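Below are two complexes that have subunit A in common, paired first with subunit B and then with subunit C.
Then we have the complex of A and B:
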């Protein structure tokens, strides 16, 4: 038959093995004893580095216990150690300069360089989850989290109800959440749009312990902490279209209320003629932000791989609109070995009150921020994940590496003087490497 | 599950051989065995009862020769949708994956073809018309499967025999493992699973029969400690056509027996289901069987 001249058949073992596992793991009436509960353990370490800026080391641990009645419990711990420098919001001036931040840091900058402030922080986050099937087609999910860093604390939770319809081809999810966050800026909560005075020196960012040594900062208004409350809601529907293809659509709305300003970010005050900076003020953002998004997902199974694609549209009442396209293709190479390339494209518009600086002598706006994250930002991510199994050792290892190029429109039409000659949002190069280990008991 | 079942021939028997126990019984038209490496009679007895019970349950549930079970319900649904239980659904899901992964070679609807072929060593092959008519009732692509609802067009039938025995081996093995720490080997008519090295670290040894002389001395021996082992072959059932010997395993796409396949293919994999599927898929590749297995990263033996 024609088979004799057919090309060498592709390996199918990885697929059969996964399918056989699924077959033998499914709970079977009268044979409960064998459908034993399982525990899944995940550990990973992430290194994140921005060229000349922030570095993050992030170990995570996660344990999930799946019971034979479909219930599951999970616990996760994430630690972040962040060091490096982040843009303070100040503009480059074309001359050597010094800047300060509201936390009292003083740094010096070369001409043309985007001013940054050094910082270091440590964050710990704990998350607990509970999944409970109710009858055959309804399930609930409850998740609660707590995280803490030097000057920020967040506590919150989410609850979701999902319902399988039409012979489980369609699933509908409705959920809501609430976070209660506290901000404790190092030198108290700064008054927005108030002048920041350069200090005379002193040790760099040492945190609250040396607050008394700080020589200059913005007026604090006398409060040491501020609150942010974040209710959220999500609705989603997923649908299995064919044996190989699943699609889903999710809509979410998050309303942030309270102190949304970044206490350490500043806005440069520039000379109306020369464009050089003559000082800086603290930033000020509105006290509410209404954020919405729509997310469309598609998962398509090929014979030897899976293609994941998603598109997200985001908009909020600060004027930020963004588009995200995310594409991944998982290719099974051999038993328990896969390679997954990843491409992500991102573009956002700036917030209405985003400005690179305020011009001296002009009336101050109600709100102003030079935080690049609210600016006209673009990014491209290219990366890949390789998953494999070490013979004779249990568990699966994954290694992921990504390169992110982030840039923005750094030549605003209203730039004055020397600012017209500078790129106010130069490209930022970011690399991440993650190593993960998963084992099921 | 390949012939009218030799029904449960009474209680299984258990005896001591050297330093382990051997339990035997008949199920799924095959001699079935449990080897348990222990000195504890009660332990061995309890394990054998579990294995025997599970083999009988799976045969009763999935044999296409028995009235009233889920396979019978599906095969007599006359084109109406049938809602199946979770276990049947996972078996059908598995079969669907095999069908996809094999490009349509592995097909649980191909049983109808066996009615037009007579593998009695003679030289009769079905007429073109008979084969074409039968092929209209073969093909998983004609089936609508939205778990847990299966809609089989009238005239078609399914047969889970191609995975049932291997599935029974793995299920029985997991039941034994849940009740004892002793090393063991389950063997249902040549499809088997071993749980790990024997006490003292020795491997299990399995003899592979010469396909031409079943029952004679084993042709070669496979030593392994853990995993599923399954064999596909066609030595005794064939038809002669234009001087060529055609085995009884049929390509559901053409309706003709697979040609050029080895006499016997044995595969060692993680589970018996996986081993059985790989040996069957390899067989269905015909002359390309060895190439197929070379790429899978499994140990295999071809005769």
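Then we have the complex of A and C:
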């Protein structure tokens, strides 16, 4: 009977085979490069839609080429076509109203509706990366990027050094970056907390081509552009704990300096008794922001699937604190086929200067913003990714669909008059669909 | 009563303990790394998906950071 049954490989033999492969792969980079694929091509397309607000189409391309000695070069291109409407910062009033954005755009709104301003933009971003091993346990990564849109430009780069320790059980990474951004609002840089002048023109991104835009420009400080500088640093350590489990902890700090105000956002001026809007002013934010976060990651292999979990704590000197929990479980259905459900929970406190509006007759604060993204925000993401391989065709495909719900406390205790009857921070419904393709050759 | 910063540091040290300590207790030999060598065993197994997510959340929330150093590179927030 024993002669008829094929002997099954002992577990130790399978492990020795895996070890031999790993040792070959890690110690002879040239041999690895010759035997394995040397180029990876990635492409994706994102459709992003907010209910009654912004819509985005975002194609992405990326190529990574593995060179000799473990070096690699990568290039990526991201394009964003954005249309729709964005909250102007003005408060709803319970009656039909007309608002004027900081750039002079006039928009009509239904009763109780969050006022929005129409906009459109196109953004292109190019990223180049270089990976260079230095000996067997040290590696450097250099990345530079350039992005441009109608009223914003960013150029910058990051550098990171990673060190493998303890037979590659532990990896330590130290990195830093610097971005130099230029902001050139359509009608110039508005003076903070200044009255918004009514106009009758089109969307802010159409540019100062009509009389209304010139009228709105009266609120600007006479400058057409402003600068934002963003140095950053990150320190991280990752650790293999068991054959199935690895964890990491990253700490990063980002210091923004310069023009950090949203030039198109406004703050409503409300009547102290009725709560109705009697005017609006441009918003004003501090010129520095010190942002820090801690991110803990865990990846655990169950045998038939992989569980990814992370927790991030974020805090900054604007008073924003946030907690983010991200959970994914990749369930392998067959070879090169998987399904990965995703849940993300997010909660943040409001910035110290966030307010739904300023009361007429009261002294103006030093800083004020009604941007809901600086408010007491909550967010939940639910979705899933399906990855598969089409027989007889090279490469892997992924299809992802997600739903994001954002909401906040829209009934502040200091609301007055009609504002008490309205939800000042109603839920925002977002849907995304993404298709991705990866091929190595 | 512990302050919030002390709680934070305590949490940090608790998280760091298994990262930098326990070397003798944790010894995953090279021939035990067959699962760890799989493509799915990465902190960011789908980098493009992750990059798009970071862009979405950066533009819709008041927080940023986490995976890597870098600023916004986008006028969306």
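Quick note on the criterion: the second predicted complex is superposed on the first by the 387 of 441 C-alpha atoms of A that agree within 3 Å, B and C clash if a C-alpha of one lies under 4 Å from a C-alpha of the other, contacts with A are read in each partner's own complex, and residues count from 1 in each chain.
Keep in mind that, in the parts below, a contact is a pair of C-beta atoms (placed from the backbone, for glycine too) under 8 Å apart; a residue touches a chain by one contact, two chains touch by 3 or more.
Being a predicted model, the structure only gives us computed values, none of them experimental.
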- Note on the structure: Larger residue footprint on subunit A, choosing between subunit B and subunit C, goes to C
- Message: With both complexes superposed on chain A, which partner does A:309 reach: first (subunit B), second (subunit C), both or neither?
- Response: neither
- Message: So in the superposed three-chain picture, is A:276 touching just subunit B, just subunit C, both, or none of them (first/second/both/neither)?
- Response: neither
- Query: Looking at the overlay, what does A:334 touch: subunit B (first), subunit C (second), both, or neither?
  - Reply: first
- In the superposed arrangement, does A:440 touch subunit B (first), subunit C (second), both or neither? neither
- Message: Going by the contact rule set out at the top, does A:144 touch subunit B (first), subunit C (second), both, or neither?
- Response: neither
- Query: With the two structures laid over each other on chain A, which partner does A:360 touch: subunit B (first), subunit C (second), both, or neither?
  - Reply: neither
- Partner chain(s) touched by A:239 [first = subunit B, second = subunit C, both, neither]: second
- Does the superposition put A:169 against subunit B (first), subunit C (second), both, or neither? both
- Note on the structure: Intersected contact list for subunit A, partners subunit B and subunit C 15-16, 19, 21-23, 167, 169, 240, 243-244, 303
- Note: in the complex, subunit A contacts subunit C through residues 14-16, 18-19, 21-23, 42, 44, 46, 48, 58, 60, 62, 123, 125, 143, 145, 147, 149, 151-152, 154, 156, 158, 160, 166-167, 169-170, 175-179, 181, 183, 230, 232-234, 237-244, 246-250, 252, 254, 256, 291-297, 299, 301, 303, 306, 308, 310, 312-314, 320, 322, 324, 330, 332, 338, 346, 348, 351, 373-375, 377, 379, 385, 398, 400, 404, 406, 430, 432, 434, 436
- Complex interface listing, subunit C residues touching subunit A: 8, 12, 15-16, 18-20, 23, 26-38, 40-43, 45-49, 51-52, 56-57, 60-75, 77
- Message: Please output the residues of subunit A touching subunit B within their complex, sorted ascending.
- Response: 1, 3-4, 6, 8-13, 15-17, 19-24, 26-31, 33-34, 36, 167-169, 240, 243-244, 303, 334-335
- In the complex of these two chains, what residues of subunit B are touching subunit A? 54, 57, 85-87, 90-91, 93-94, 96-98, 100-103, 145-149, 167, 170-171, 174-175, 177-179, 251, 254, 256, 258-260, 269-271, 273-274, 277-278, 281, 285-288, 291-292, 295-298
